[in-house]
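Paired with chain B in one complex and with chain C in the other, chain A is shared by the two complexes that follow.
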Partner chain A sequence: MRKIAIPIILLIILLSVSLNAQNPSAREIIEKVDNNMSAVSRVFTSKMIIHNPRNTRTVESRSWSMGENKSFTEYLSPPREQGTKMLKLDNLLWIFSPSTDRIIQISGHMLRQSVMGSDLSYEDMMEDPHLLNHYTGKVDGEEKTGDRNCWVITLTATSTGVAYQTQKIWVDKDHFIPLRKELYAKSGVLLKRMELSDVLRIQGRWFPKKMLFKDVLKEGEGTEFQIMDIEFNVKIPDYIFSKASLKK
Partner chain B sequence: MIRFLLKGIFRDRQRSLLPVLVATIGVMLTVTLYCWLNGFLNDSIELNARFSTGHVKIMTAPYAGNIDQIPNDLALTGVDSLMKKLKKEFPAMKWQQRIHFGGLIDAPDPAGVTRSQGPAIGIGIDMLSGDHSEIERFNLEKSLRRGKLPAHQGDILISELFSQKLKVNPGDTVTLIGSTMNGSMAMYNYVIAGTIVFGTPGMDQGSVIVDLKDVRDALDMNDAAGEIIGYLPEKYYDDKTAEQVVTRFNLLFPPSGDKYAPVITTLRKQNNLGQMMDQISQVGAFVVLIFVLSMSLVFWNAGLLGGMRRYMEFGTRLAIGEDYSHIYRTMIYEAVLIGIVGSVSGTAVGLLLSLYLQNHGLDLGSMMKNSSILMPSVFHARITAIAFFIGFIPGLFSTVAGTALSGIGIYKRKTAQLFKELEA
Partner chain C sequence: MKLLFKLAIKNLTGAGLRTWLNVIVLSFSFLIIIWHKGLLNGWDRQARNDMVNWETGTGQFWQSSYDPFDPFSLTDAHSKIPSVFDTLITKGEIAPVLITQGTIYPRGRIQSILIKGISSAQRVLKLPGELFLKSNDDLPVLIGSKMARDNGLKTGDVTTIRWRDVHGTFDANEMKVIGIFDTNVPSVDAGQIWVPLDRLQKMMGMPGEATILVCGNFDTNGRTPEGWKFKSSEELLKTVTDIIKMKSAGGIVLYIILMSLAMLAIFDTQVLSIFRRQKEIGTYIALGMTRSQVVGLFTLEGSLNSVLAALLAAVYGIPLLALQATKGMSFAGTAKSYGLVVADKIFPVYSLGLVATTIILIMLTTTIVSYLPSRRIAKMKPTEALRGKLQ
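The block that comes next holds the complex of A and B.
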């Protein structure tokens, strides 16, 4: 009897170890997602193609961000927006308008307003939150997104002040990049959908160069956010994240 | 016969003075009240027409459906060609483009940092093209309290109360922070040209007026406008004519399937004004009815008193063989004559009083200090053709009705007792 029992126990242990190796925990998945999506610093040029119900507009900008709390964006086109600059430090945002030569500060719920009439809020545009710092996750299962196998994870906020209380994300099993997101309010209402694509290997990490944001409370076909070029972990001078740089 | 009765009425002052006086006062009150209600209605309608609704208004259907939110993202586009077509097809009408907008007015300190800020409701009207009709329509010259009217692009008019709240003066620069037609944040600098008092509590609290082109520049609304307002050639709104314009417009611009195609609506169908117009008309009719009834009671009473006073006269007339119905008829004729005299004099006095109220108005501003509804603070009377004869309804009808009621008593006199009564 003992001769049979020992191999069976060993087999069960081996199987469970191997299953665990195949099924990483939600925390492990989120950590890997953070490693891909977030960085100490980022500098990128992007293009927002805003599909409003009546027209389509393209807005180009260059952004610098440091960690979660410092971000600076300068708009490059169209001419009407050219020279507009935004500085976000923690929960405060300053906007410089070159036509008025004024700097206006906005904060609070205003940060959840649309940027340039797009489907992105100021928070979406300028924040680079580490998911692990703000959410706890639960693996709901597995699903295919397009031809990619994904983990389906529900993230629930652990800190107050995050833009979305709950997120449902579909994480590529191979690249650990979210390919789909559903962003929910505290009330449980779906606020936005995101589709991430064109995943490329950049500086040793996977990163989606194209994101489609759709504010479900807004008419229109959504906003395409395309990364034209991006650099991670570059040194950014401190003066960039100062109010003085807004008027430069 | 009429001359005979008239002589009787005027020579016997006791017979005529009180009834004519009562009829005159009643008719005067009816005429004045009618004219004032009429003026109240018209002042309210015309104020709404000038500031908000026009006699007809063209918008996109989604804009009209969400008009309270001032949804400039749903505004009319291609308005220059639309205006040309409107001016060609409706040459007698006056058409104006307007853009309503909301936002913050931000006043900076010398370093450019926000010193004071307040929410504003603004309107962009044509002030600098050389056409002064909008300036007149908004009565801007008379409303100006400090500074001057806009003379250059970038000038803004701000309500006096708002300027005091923001602690800004003519010559200061303020920044409008709003939202463009595309939903971007809009920031635009204006120089305060002057401060105004609209005389409408709802608008005096946080309103600004800027030139149409400046709003277009600020809100990225080139060749777009929230509304196109149309005014009929007649000074006052006429629902039938407005409906004719709507019918013709709908023939010229049939439904195309374009969600943002222009649609037209009349003043009556905006801001619950139709309901208000109906209610005030009903109140007017009710007031006249009350006067007719109450004056009938007064004349009934006066007729009874007169009957008692003329008891001997009627008795004598019956005794010498005059027919009951003849006496009754002559009483009615007399009442008609008194009614006419009272109505004419009452209408004359009522019209004079109404004329004064038409020219000077009645200032009820102190009663509406906290009102946010678009209502004038000074209410004027308005004399119309109806005012010249509306007083005849209570004046004539109630005099005759009162006399007819009191005169029935004549038929109860018994000829057999007449001489006894006369001897007594």
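The block that comes next holds the complex of A and C.
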């Protein structure tokens, strides 16, 4: 009897270990997502295609960001917006407009306003938060997004001050990239939806080069955000994140 | 003096059409100046009354961080309502208002707004807060007619509203428009919605807090709780006062033009009279009048134009101005769209002081203008004047 019991127990332990290996915890998944999506610093050129009910506009920009709180963006086109620069330090944002040659500061609720009529807020565009710092997750199950197998995870805020109390993310099982995101209000109302695609391997990490943002409360087809080129963990001079660089 | 007065009247009426032309032009000046000033007075009174009734009350306590011209200040501009005001709030003598920013999505469009919470028990402002008591909706909302028009909202409409709580986390809900009020004060109407105070406090996670406290008719006795600052009615109405002052200053240009036209006519008449009536002047002096008496006669003749003008203006002006004071003047909402506190109809207010000062001002100016050319008489030689020789 003893001869049979020991192998059975060993088999059960082995099976559970192997099952756990196949089903990583929510925390592990989020950690891997953070490793892919966030970086110490990022420098990228992007194209934002805003689909309004009446027209479609394209805005190109180059951005530098460091951690969660420092970000600098310069618009490259269209000609009307060229030279407009934005600097975000913590909860403060300064915008320099070359046509008026003035710097204006916005903060608080204004940061949640849409950027140039897009579906992105200034916060969405300029912040790079680590999910693990602000959320705890729960794996709800598995689903297919397109042809990719995904973990469905519900993230619940652990700290106050985050924009969205709850998020639901569909994380690619192989690449650990969220391919879909739903952002919810405290009351449970769905506010925004994001679809991420064109996942490529860049500097040893997977990263989506195309994102579609949709403010679901608003009319329109959403805003496409395309990364043209991106570099991670590059050294960015400190002067970039100073107000003086806005007028340079 | 009596003789001079009689002579002046006789000469004036003898001048016929020339006198009446002067009098008619001057009477227009009387009427337009009084009407314009009366209109501004009416606007001032109406705007002040409306501001007090709809927005300012008799004064306000502001949370120390609150700055109505700086939307950034709203994030921090909220504090517990001081307990010393509890009784007055219960009686409805103080209306606490909590203000925050939010976004609504009428017809799928995104619109930034101010969310203002006000107690349904308040009696300080004319906002129909009692409608909240009749509503069973989760988030009942009152909006002004301009806000309703601008966003295509009507009573019973339901739309999504999004805001951030005290910690900055997004929240959203469906709001229902339960009433639309009509006000002349755009600053309580445009770009904002009114919700029950307790509901907004709950939404924001700010129980018992407010941004401003609007005072009714009671004496604050100079007591200002710590962390709050008091704004008197005069301070709160300063914008309206400044606009009216600016409009009054602009009106002076109109008065100068009108008065210049009338005075030019009188001056011209006086110069012509002195030129054409040299023999008469010589005769007066030959008969024993002093030069200054003759100057006085001509000055009196000129200034009597203003008396006749005042009488004429009274004849046709009083009915006209009275009619306008009762019927009002319609501005059909044009000024309101510029954010000014203007009623659809303004009723001019003509005070006795306004009429008296206008009459005195015009009479004084006419007398001076009449006197200036008359001074030449003093330099005339009576013998030459009698011969009608040009001097």
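Everything that follows uses one rule, which is that the second predicted complex is superposed on the first by the 248 of 248 C-alpha atoms of A that agree within 3 Å, B and C clash if a C-alpha of one lies under 4 Å from a C-alpha of the other, contacts with A are read in each partner's own complex, and residues count from 1 in each chain.
Quick note on the criterion: contacts are C-beta pairs under 8 Å (C-beta built on N, C-alpha and C of every residue); 3 or more make two chains touch, one makes a residue touch a chain.
Quick caveat, the model's predicted, so the values are computed rather than measured.
A.B. asks: Check chain A with both chain B and chain C modelled on it and let me know: fit or clash.
C.D. replies: Clash.
A.B. asks: When the two structures are overlaid on chain A, which partner does A:Asp147 contact: first (chain B), second (chain C), both, or neither?
C.D. replies: neither
A.B. asks: With both complexes superposed on chain A, which partner does A:Asp238 reach: first (chain B), second (chain C), both or neither?
C.D. replies: After superposition on chain A, A:Asp238 lies in contact with neither partner.
A.B. asks: Once chain A of both complexes is superposed, is A:Gln165 in touch with chain B (first), chain C (second), both, or neither?
C.D. replies: second
A.B. asks: Tell me which partner A:Ser114 touches in the superposition: chain B (first), chain C (second), both or neither.
C.D. replies: In the superposition, A:Ser114 contacts both chain B and chain C.
A.B. asks: Of all the chain A residues, which ones make contact with chain B and with chain C?
C.D. replies: In the superposed arrangement, which is not itself an observed complex, chain A uses residues 113-114 for both chain B and chain C.
A.B. asks: Taking the touch rule as given, give the residues of chain C at its contact with chain A in the complex, in rising order.
C.D. replies: 71-72, 74-75, 101-103, 105, 107-110, 112, 160, 162, 164-165, 167-173
A.B. asks: Write out the stretch or stretches of chain B touching chain A in their complex.
C.D. replies: 73, 77, 106, 108, 112-114, 175, 177, 180, 182-185, 187-189, 220, 259-260
A.B. asks: Flag every residue of chain A that touches chain B in the complex, lowest number first.
C.D. replies: Per the touch definition, chain A meets chain B at residues 50, 52-55, 57, 80-81, 95, 97, 99-105, 113-114, 116-118.
A.B. asks: What residues on chain A touch chain C, complex-wise?
C.D. replies: Residues in contact with chain C: 106-110, 112-114, 157, 160-165, 183, 185-187, 189, 191, 215, 217-220.
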